[in-house]
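The structure appears right after this line, and notes come after that.
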Amino acid sequence: MSDEGRFGQYGGSFIPEILFNSQQDLLSAYREAMADPEFKAEMLAQMQQYSGRPTPLTPCPNLSQQLGGAQIYLKREDLNHSGAHKMNNVIGQGLLAKRMGKKRVIAETGAGQHGVASALVSARLGLECTVYMGAHDIERQYPNVFWMKQLGATVVPVTTGAATLKDALDEAMRDWSSSFNDTHYLIGTSCGCAPYPEMVAGFQSIIGEEVLSQAPEVLGRQPDKIYACVGGGSNACGIFLPYKGTTTELVGVEAGGIGDGVGEHAMRFNTDQARFGIAQGYATEFLQDEQGQLLPTQSISAGLDYVGVSPILADMVKRNELRMTAARDEAVLDAFKRLATTEGIIAALESSHAVAAAIAEAPKLSRDEKLVVNLSGRGDKDLFNIASALKDAPFNDFLADYLAREKQA
Amino acid sequence: MSDEGRFGQYGGSFIPEILFNSQQDLLSAYREAMADPEFKAEMLAQMQQYSGRPTPLTPCPNLSQQLGGAQIYLKREDLNHSGAHKMNNVIGQGLLAKRMGKKRVIAETGAGQHGVASALVSARLGLECTVYMGAHDIERQYPNVFWMKQLGATVVPVTTGAATLKDALDEAMRDWSSSFNDTHYLIGTSCGCAPYPEMVAGFQSIIGEEVLSQAPEVLGRQPDKIYACVGGGSNACGIFLPYKGTTTELVGVEAGGIGDGVGEHAMRFNTDQARFGIAQGYATEFLQDEQGQLLPTQSISAGLDYVGVSPILADMVKRNELRMTAARDEAVLDAFKRLATTEGIIAALESSHAVAAAIAEAPKLSRDEKLVVNLSGRGDKDLFNIASALKDAPFNDFLADYLAREKQA
Amino acid sequence: MSTLQTYIKTQRESRPILLMTHVIYGYPTIKDSLEIMETLLREGTDILEVQFPFSDPVADGPTITNACHVALENAPTLRQCLADINALATRYPDSKVVLMSYLNPMLQFGFEALADTAAPAISGLIIPDLPIEQASFVEPLKAADIAPIWLTIPQMDSARLAQTLSAASGMLYCVSRSGVTGGATAFDAVTDNLDTLKQQTSVPLGVGFGISKPEHITALIGHADIAIVGSALLNAYNEAGLTQLVTRFKSLQTATR
Amino acid sequence: MSTLQTYIKTQRESRPILLMTHVIYGYPTIKDSLEIMETLLREGTDILEVQFPFSDPVADGPTITNACHVALENAPTLRQCLADINALATRYPDSKVVLMSYLNPMLQFGFEALADTAAPAISGLIIPDLPIEQASFVEPLKAADIAPIWLTIPQMDSARLAQTLSAASGMLYCVSRSGVTGGATAFDAVTDNLDTLKQQTSVPLGVGFGISKPEHITALIGHADIAIVGSALLNAYNEAGLTQLVTRFKSLQTATR
């Protein structure tokens, strides 16, 4: 990153002037913290004692054999506390917020994973927590809202725009514009103004660092390729960055949605619907129309359903350090089922995108090649989505019975 | 354990003659496996690479401070793959089943946690899996059934008796009576005929062994007391046994349910509704009526809702090596909420019993004392139960909306 | 020799095989179950097997298990059960009654108490979850001339079989196949095993699990002493009541004459 | 000196303070929004601030944000917006029009193209998410005499303020408080800050955020050159249409005469 938080032409800081001081404070607090061995030690201690790191690297012998090509291994971020890599970032930022003397954090959330992670870490660190969430997302992802409430967080429904993630992000920034004195804005992915992309990627880099040190024992050497799904890009940055400049090929997997049409996917690469833009505080490849209006997105996985992408990844793509591909909803569900039945692992639908790409490519590779897939989260959270996608009738009966019992009680 | 699998007056093997040979085969296979360093190494490798062990020991500074007494630490079995300690046991027995050349496992399950764990490990190890589950439990715990199906397991509804766990166990034993040639019966807790109590406790002992080695670093020394909830008793055996004979006090926590009346709780100790009995293959303290009929039980947590208890624990109580206490549903919900809001950890309702007991006792102890609570599982699975207990209206609205959308689709 | 064994030996002098029929005390009601018992005794069943229901009958299949759960709703007590059997048995001195249940209800009642209360109406006791190693549990019954009826299975290893045979009195309950009560059985495969057993013991052999037709019984003649019928009669009763049960009983009985 | 600045200086010779009013192009329809603009120009607004809507207006509060989303459903294009403003502005030469939007729509249109198309109707441009470090983006506008209108905030450190003042032309947009558009403001606290600023620059000072009553404007006289009214007029329009907007405008306007 340059001093201005630039990654090539991407990144930077394009925020309302009112936020300039807070952003600068954050920047220097982050730099100071990262130079302080005590901070790093505390962060590692929480990552270990609270979130259960290191997460393992799991060989998938059955899946690999069935595919008949490269050997597949999973980096198990699903085993983190809260069930996803999101925890790494909220631990880092939560501790930083405390160090900066903030009493409160705000967060935006789409499916609610980052919201739950923020609420968890806030409870743990004694911070107040307000989560902005699109009213539409709240309706569809209420279980996560329920957990946030149980954790003592305040969930604010955002009704502007499409009432989804993008709007929640805008609204969180509005809150921050008037609350920055005592409030830290805890962004959930490596997007937004500097230093967020660098900072979130930095906190997430524990993923790739662990793989670097685990691979020799588990794989016998470093992997040939690493796959990660790309929403905002934090799990991808986390596993990729420590491998920058090595011979390992890095592959990002976007949400292919249901088609290539406008609003049918969330691909910010390999489509002419996306191009360089500046919005939400930073420059990156945005899905946008001719007028520069950000476009609606669609994906079976709420966590990949985002219109921008980490400037770090956009720059890496430009420099040919990263190959981007996509997986459509259908292939994702197949990958989900395949991993469950062959290896007994229930992956998040987001992570199943990365699995789908590996499943598509592994058969074409030799048995000597080794792939690591970043399993960013677990699939329990996707119960309603998966049951709906698979049209599981007994699940609906169960819900109807539950509701009938509740009405009686 | 004696040669007959006795623990004092408890334990033993009281099974239909038809199962005698399989039981003997299992007994010797288990003894052989445990004497084989390769088996142990493979087991540890799966526990590490697949399930993410070791699980951390988490200090709870906020909770401890709020209570103003002893310092509380959690052993985080909720961070296991599948979200509970159940994984330790299914890895052990799954590998043993493979070693014995079995092609299929059967399992009984109440709330479905052991069923899901069995289905996971079966997928992982390439075993067929049939899960017996009370029809009544299926209705109430369908999400777990859904996951079992996704994992390729066959779930058989049991309609006999009260159609709950006890009946599922009976039915699994019936299956085993005709399928033992190619089938291993994967019991989910340290109950049943020999060698199950010893075997399950043995596979679970990794929990206590880890605490033994983690405590000096995290607590500065070994804990004064350890708390674990007791359903069948496997998580309790797992954390307690390595501490047998030490100065650490061991405290088991049963389901106090809603009252002390018959059928209102699942306490097998400190009640005259339970006494020595022999059923379901073994001798222990059973809740039973004057005729020796096993009694119905009740608890907010399905996993503690069991009529018998590990013979290992029954014997330890008799020998004063273990103190048994109980937590009522209401105190359990309070403990659940308290842990969530003070430490950002969403505990299973089962585990919340152990937390409740620690919360009740910690304030009476000095600040120098240190308690470890076995957090046997995470609470995500309890979404429906907790939302119902807390009468969360928006959750019901969410379900109704979901159903309406599904009907349209 | 126990009364039960003497009875069987005596009967067998004039009959190719005897019939033992199974009834659950308390199913569908206590009164009904007593009526079923009396009917079978009146129709001349050689041995009446009365199952005292247990909440967790792991050796039984779905038909009997469900019936046991129904029976339990009528809150049967073992004391009353024994009293009822006693009253009945005295009226049918030509038949014998054996009790079947699981270990726990017997244990809670106490085997000493059982010995006192069950004799002389009851001449044998079957406990499918009591293994031979635990024979000491039933020791008190001997003095009351109640024969513990041990189970054998085809795959039993010789040492264990020897232990069982030496403990056996009254009769042996030879389980014809793996699985629980109520399923189908291939009877041809069973007879070889019975013949081997017969050479090793003078204790009468009863064969159970899966007998539902006269042919099944005919196939056992010359190999076993007692054909044990359980679920088949229960199914008949469930289909069309006592009349159907009697019809089924009679058709099976013809094979034993 | 830019046309905008000259205009403000000239007007201020006879007026204690000027009024800048805000309209969203396309809200509630394109036609209606043009009618609102024309009405305000006709009623004599000094400066008309036209916001070209953006999908993600992070510096705006709920009223304006919602209006922008409604406006976007009418698929406004920047080209047509500029053409419409051009047509309007020529008919009201006594007022000035400034454009407000976010960076991305401008960027996608291109600042060169903007310079070509926006002049002469547009004399200033406000982009709240364009920081002063990135001033080079708006460089092309200078030649077309479109003044970039930079924002200042009370807490700005002196170096950054100096940088902003040296880049400023046309006017400065002085944000009166933290937060987004549309909330309440304590105006007394603001004036000190404005006075300090006035000593450092000759560029006219506009004050925005939270002006909804004539008293607010009166309080600014002697401290600022332009009172900027945004959400207040939009709220009036949403409450009771154009008539209410005119009433509100007039009541505010009296404070500027």
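Should a chain be cited, it is by its letter among A, B, C and D, assigned in written order, with residues numbered from 1 in that chain.
What we mean here is this: a contact is a pair of C-beta atoms (placed from the backbone, for glycine too) under 8 Å apart; a residue touches a chain by one contact, two chains touch by 3 or more.
Since this is a predicted model, take the numbers as computed values, not measurements.
> Please indicate which chain is farthest from subunit C, where distance is taken between mean Cα coordinates of the chains.
Checked the centroid distances; the maximum from subunit C is D.
> Return the distance between the CA-based centres of subunit A and subunit B, expressed in whole Å.
33
> Measuring from the mean C-alpha position of subunit B to the mean C-alpha position of subunit D, what distance in angstrom results?
66
> Measure off the straight-line distance from the CA centroid of subunit A to the CA centroid of subunit D, and report it in whole Å.
So the centre of subunit A lies 38 Å away from the centre of subunit D.
> Can you pull out the residues of subunit C that are in contact with at least two other chains?
none
> What residues in subunit B touch two or more of the other chains?
Residues: none.
> Can the chain contact pattern be summarised as a line, a ring, a star, a complete graph, or none of these (other)?
Basically the chains just string along in a line.
> Can you name every pair of chains that touch?
Once each pair is checked, the touching ones are A-B, A-D, B-C.
> Which residues, counting only subunit B, touch subunit A once they are in their complex?
It comes out as residues 48-52, 55-59, 62, 76, 79-81, 83, 119-126, 139, 142-143, 145-147, 149-152, 218, 336-337, 340-346, 380-381, 383-384, 386-388, 391-392, 394-403, 405-406, 409.
> Help me check something: in the complex, which residues belonging to subunit B touch subunit C?
These residues of subunit B touch subunit C: 4, 12-18, 20-21, 160-161, 166-167, 169-170, 173-174, 177-180, 277-281, 286, 288, 290-294.
> Name, in rising order, each residue of subunit C that touches subunit B in their complex.
It is residues 54-62, 65-66, 69, 72, 76-78, 102-109, 128-134, 151-153, 155-157, 160, 175, 177-180, 183 of subunit C that touch subunit B.
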